[in-house]
Amino acid sequence: MINSRFFNRSELLGFLALAVLLLVILPLSLDIFRLNLVAKYLTYAFVGIGLVLCWGYGGILSLGQGVFFGLGGYCMAMYLKLEASSVANTKIQSTPGIPDFMDWNQLTSLPFFWKPFHSFPITLLAILLVPAFFALIIGAAMFKRRVGGVYFAIITQAIAAILTILIVGQQGYTGGINGITDLRTLHGWDIRTDHAKFILYFVEVVLLFGCIVAAQFIRLTKLGRILVAMREQEDRVRFSGYSVANFKIFAFCAAAVFAAIGGAMFTLEVGFMSPSFVGIVPSIEMVIYTAVGGRMSIFGAVWGALLVNFAKTSLSESFPQLWLFGLGALFIAVVLAFPNGLSGIWADHVQPRIDRLLASRKSKSAAGMIADGAPAE
Amino acid sequence: MLVGHQPKDFLLAVSGLTVSFDGFKAVNDLSFYVEENEIRVIIGPNGAGKTTVLDLICGKTRATSGSIQFRGQELTKLRENEIVQAGVGRKFQTPSVFEDLTVFENLEISFPRGRTVFGSLTFQRDDTVKQRVEEVAEMIFLKDRLNTYADQLSHGQKQWLEIGMLLIQDPDLLMLDEPVAGMSVSERAKTAELLNRIIKDRSVLVIEHDMKFVEDIAHKVTVLHQGQILSEGTMEHVKNDPKVIEVYLGH
Amino acid sequence: MSDETKPGLKSPLRRKLLMGMAALPAVSMLGRPAFADVPATSAVNTTGLAVTDSEVTVGILHSVTGTMAISETGSVEAEKLAIEQINAAGGVLGRKIKFIQEDGASDWPTFAEKAKKLLVNDKCAAVMGCWTSASRKAVLPVFEQYNGMLYYPTFYEGLEQSKNVIYTGQEATQQIIAGLDWVNKTKGAKSFYLLGSDYIWPRTSNKIARKHIENHLQGCKVVGEEYFPLGSTQFNSVINKIKLTKPDVIYAIIVGGSNVAFYKQLKAAGIDLSKQALLTISVTEDEIDGIGGENIAGAYACMKYFQSLDNPNNKAFVPAFKKMWGEKTVIGDVTQAAYLGPWLWKLTVEKAQSFDIDKIAAASPGVEFKGAPEGYVRIHENHHLWSKTRVGRAKADGQYELIYETADLVEPDPFPKGYQ
Amino acid sequence: MFGDYSISDLGAILAMQGFAGLILFSVYVLMALGLAIIFGQMGVINMAHGEFMILGAYVTWMTSNAVQHTAPWLFPGYFFIAMILAFIASGALGMLVEWALIRHLYKRPLDTLLATWGLSLILQQAYRSIFGAREVGVELPEWMMGSWQATDSIQIPINGMFVMGLTILITIVVFYILFWSSWGKQVRAVVQNRVMAGAVGINTEKVDRYTFGLGCGIAGIAGSAFTMIGSTGPTAGQLYIVDTFLVVVFGGAASLFGTIASAFSISQTQSTLEFFLSGSMAKVITLLTIVAILMVRPQGLFALKVRK
């Protein structure tokens, strides 16, 4: 029977390979500096997983994932900033006990929407719920009215632009273009030390695997199949008795929550949050990572985020001028020749050989099937 | 408004239905009634508005004015999925199946359970589902292809699959848009056999050009012309209607 | 297409040649320092920095790609020039400076990431870098955590002070107060219209300007204050408002590409800068290159350095810079401040007789650099520089002519009382 | 804020403010026309549109330098040459891109978005490598600077009028090409039914290529005109892209008339808001309004009602 197992064989191999790489090989072989870089790359993998669900499976291309990444990141940053702005730490300010940038902007008390972020549980809830709520509003407004495809992409892009201008413009409340910086401790635990970075890395990897499993679960339920069905024949789904809009809203909200978790982890790993992760350019870059990894593959998205960012760091260290040429060309190549990205190449060219080598007579893997199907549009 | 008819008497009561696209009235003040277990065929020349009528009933196109009552429920105010849930099934002219899914999955999606977001997340593929899917697959001659991805089916098989997807919905009113178009002769015969089987125990609204096929199945025929009813009645009656002859032969 | 119009093509090639030449003497001296009194490495480097008997490694951390590359190029060039000159003069404590350059790519986490690389992996003895406040804010925790030393060249909003940073540009009060006093005194200006790009430096600077205008200048008032998104190119509405309010002075802190649009539209709207006083603290000679001298001629800028300064240091500096980077390059305030970084570091190291960060941080206050192109500068206890404030008037050829300079060095005051 | 001013002052401001809105309107129309052709007519989402504009700006800059060095007597009129060259350069690059990239993606509109984003990265870096990271200033002939003194208190910028005149001219030409020329009929035929158009003997590939080239060429002219009011740097194109797309989408993608109407309403809203609020908030409110209206009316202001 199809789909009777949670992971099929190649997916299980992919999962194990990733687990060995992230949990054993990288921590053993990299110094803490490089490991922290990997942790930074992996925060984009969260966004990628969400994009696979909503773009690869649901056919909804959002160019505004930076909004959710940013919302999650800002929620976390607000909590950390409040902790760093204790009265003792800020006694040279004219109003001690509020974040430094508020003091510079003549605020004399904490704005109301900052107050809940004194509490860690509320912060955790906010990281998940604020972006989900935001996505729900956007999604409900757009999908109920059947705004889709290109229009959805452009409107999400506009929303990313609006949020950036707002954050930059309201610097007394948001820290402006500098963002929220100088974050120090989480519940009294100094997150800047090497030791903390090491632990945070593992926390993040575990969360990432949690998200992979959650995404895989969604993919394997009937909802996952409806998403695929919807991408191809939206009307047929509608005339099979489903509210297409509700399913799209769900996929969009799920993607938003994944992105927000990534954003919150980003704040913890990097130690600050700024509007430069909210805008259009980072949002499109997140789509690029996903496309390069393979928009149809959850693991592909993780690999895409890792490899593109790794290439970015190493190429920009040695050939800063060439980096943008390389990225642009890579991207065009992926779109033109390999619409399913690295995972498509793997499924089309590498996996069959392995299968032949193993002389396996099993039926085609699910990943291979998807790669054979029509591209997303 | 409906003199002499209680809407309850009919399964489907279309009255005064009008839709205009930029001033062009594709369907103009159309009224007709379908009874329980009736098989109604709509015929008419190209551009007569046949497909538009089905689009209007299933909610794909919104009516400019008029009403569509299904078991006394006003359909023009419902969304497509609500219309389906009310018991109206629709097959499109070109086969629309989910090519990236297997035959089994195609049928399973149409199974009328777990149609909400939460329902689909918790949907279990239990024995009832499997049984029903296999049952329908057998009817549509695809029993041995359950694990085949739909993009590998032939054109005729896709048509069958789509009919099967409707069948598993078990609608009270089944609307078919040229179900035998584009089929080979042998497929056509098989399809006719299939249709004859599935139209039992429910009302059916069919658009078809194949007159032989129409004669075989139709209880009543409605002839559309320029968005309006030209003639309605038994096949015999319609065939001999001078207006129909005029329109069909006058061209 | 003449070569002159394509500085971008020309300079990389030239740079390579020059770097190659600069490397030659360093190679020939390997192993044996040229100067007799070179202290032992173990004595001057107790914390494991990248210092050998013949070499010391510093980092250069600026954006060479992305939107900020436009601004930061000049700083990179100035820092490389200073390093080359220091090496030619015998290096630092007898050690040649070797630099590792990293690209911040106009992306703040990348700055933090590269800063960490320079400190942790490369063990740089000092880093010259950053331009925007956002990038500095991003790297600051890194420098404090790993105890590095950053020489930061840009004029900025103040409100910061760190043991691990030497601010070679002006903090806000140094740039603003003397300029406002001057325009009030000599031009009799009473009403001011404040403009800025929408981020922290213009906002903080305008805040200081407003407080100074309202509290310290007799009978003066602010008649308008406006902010525009970064990159905005539409200024017609605010120009109309300026015409409506007829301020004595337009006080403009607009940055980047928006400047071009602002000054072109100002000119096109019939505002003649030779009659309408405009004072800016954000337009250096670098920006005029893009704006076009004819569009901004007549405007006043308040800086600490102009390329046209007439003093012996600058007369040596400008030709050296042009020799290295091309005849067409211009030198703005920040470029000069970036040039100070390596020199101040060298002087501090020699004063401390050590490369250790803690000793440098402690030795910095009081370090004087008499060879600065802007004239004499000195490091304050708060790690900012004592420097003069100057007012220049823009000419059509893209240069400023010096109109006024403060008699004495102005004390840096990053947390100005009464201005917050 | 109006307390201190006389009625005539206010009248003058109102006139100038209206004019500022009109200039912004012209800018939006120039930006959006090319995109409206490419996106509205061909369905291609060209994220590199801004870079095509910047190419036009660089061509103008090079022309201005070349003319100054070789034929200074030509300088007062060089702008016209520059615009033609900008059109040719951007148009030619556009046709090359269509051939190399876009034609493989007509069936995947969202993928054109991704591919052209890659292209825009490459173009940005190319500009940076060729022209340097710094912004370049284009010197204008003297007659284009300054303003026309309409009354004592009303001054109208000459280059603003020039941009407006240019916008009207280009709009007329585009409308002529698309709606009255036989080539325009071919374009529309291909847009409506590619297969059918091919069947009746229209060379659809050629039509696609020239349409794309035309859209990019107009972007080049827009970039050329922008050197009068904006800046020219490698990444300046990115600033325009969201605004441009919103103008086109808000107008109703398939309708050129809608593009113009939407450019008008957006520019007037923004310039009025700018007068009462700060530039940042004006921008936020304008964008929010557009997004909100698009949510209520996703087809934009002017949508062709088509039978689906």
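We call the chains A, B, C and D, going by the order they appear; numbering starts again at 1 in every chain.
In this section, contacts are C-beta pairs under 8 Å (C-beta built on N, C-alpha and C of every residue); 3 or more make two chains touch, one makes a residue touch a chain.
Everything numeric in this text was worked out from a predicted model, so none of it was measured.
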Longest centre-to-centre distance from chain D, chain (CA-based): B
Chain closest to the assembly centre - both centres taken as Cα means: A
Separation of mean Cα positions, chain C and chain B [Å, integer]: 75
Geometric centre distance via CA averages, chain D-chain A, whole Å: 33
For chain A paired with chain B, centre-to-centre distance based on mean C-alpha positions, whole Å: 43
Gap in Å, rounded to a whole number, between the CA centres of chain D and chain B: 48
Residues of chain A engaged with two or more neighbouring chains: 165, 168-169, 321, 323-324
Residues of chain C whose C-beta touches two or more other chains: 64-65, 198, 227, 229
For chain B, residues contacting two or more additional chains: 60
Partner chain C, residues of chain A touching it in the complex: 31, 33, 36-37, 40, 92, 94, 100-101, 103-106, 165, 168-169, 171, 176-179, 181-184, 192, 270-272, 274, 276, 313, 316-317, 320-321, 323-324
Interface residues, chain D side, partner chain A - complex: 39, 43, 45, 47, 101, 104-105, 107-111, 113-115, 117-122, 124-126, 128-129, 238, 241-242, 245-246, 249, 278, 280-281, 283-284, 287-288, 290-291, 294-296, 298
Parts of chain B lying in touch with chain A, wherever the complex brings them together: 58, 60, 79-81, 84-85, 89-90, 92, 96-102, 104-106, 108-110, 112, 114-117, 120-123, 147, 149, 151, 162, 165, 169
Of all residues in chain C, those that touch chain A in their complex: 64-65, 102-103, 105, 107-110, 112-113, 116-117, 120-121, 132-134, 137-138, 140-141, 145, 157, 159, 198-200, 203-204, 207, 227, 229-230, 415, 420
Contacting residues of chain A [partner chain D, same complex]: 61, 63, 141-142, 145-147, 149-151, 153-155, 157-159, 161-162, 165-166, 168-169, 280-281, 284, 287-288, 291, 321, 323-325, 327-332, 335-336, 339, 375-377
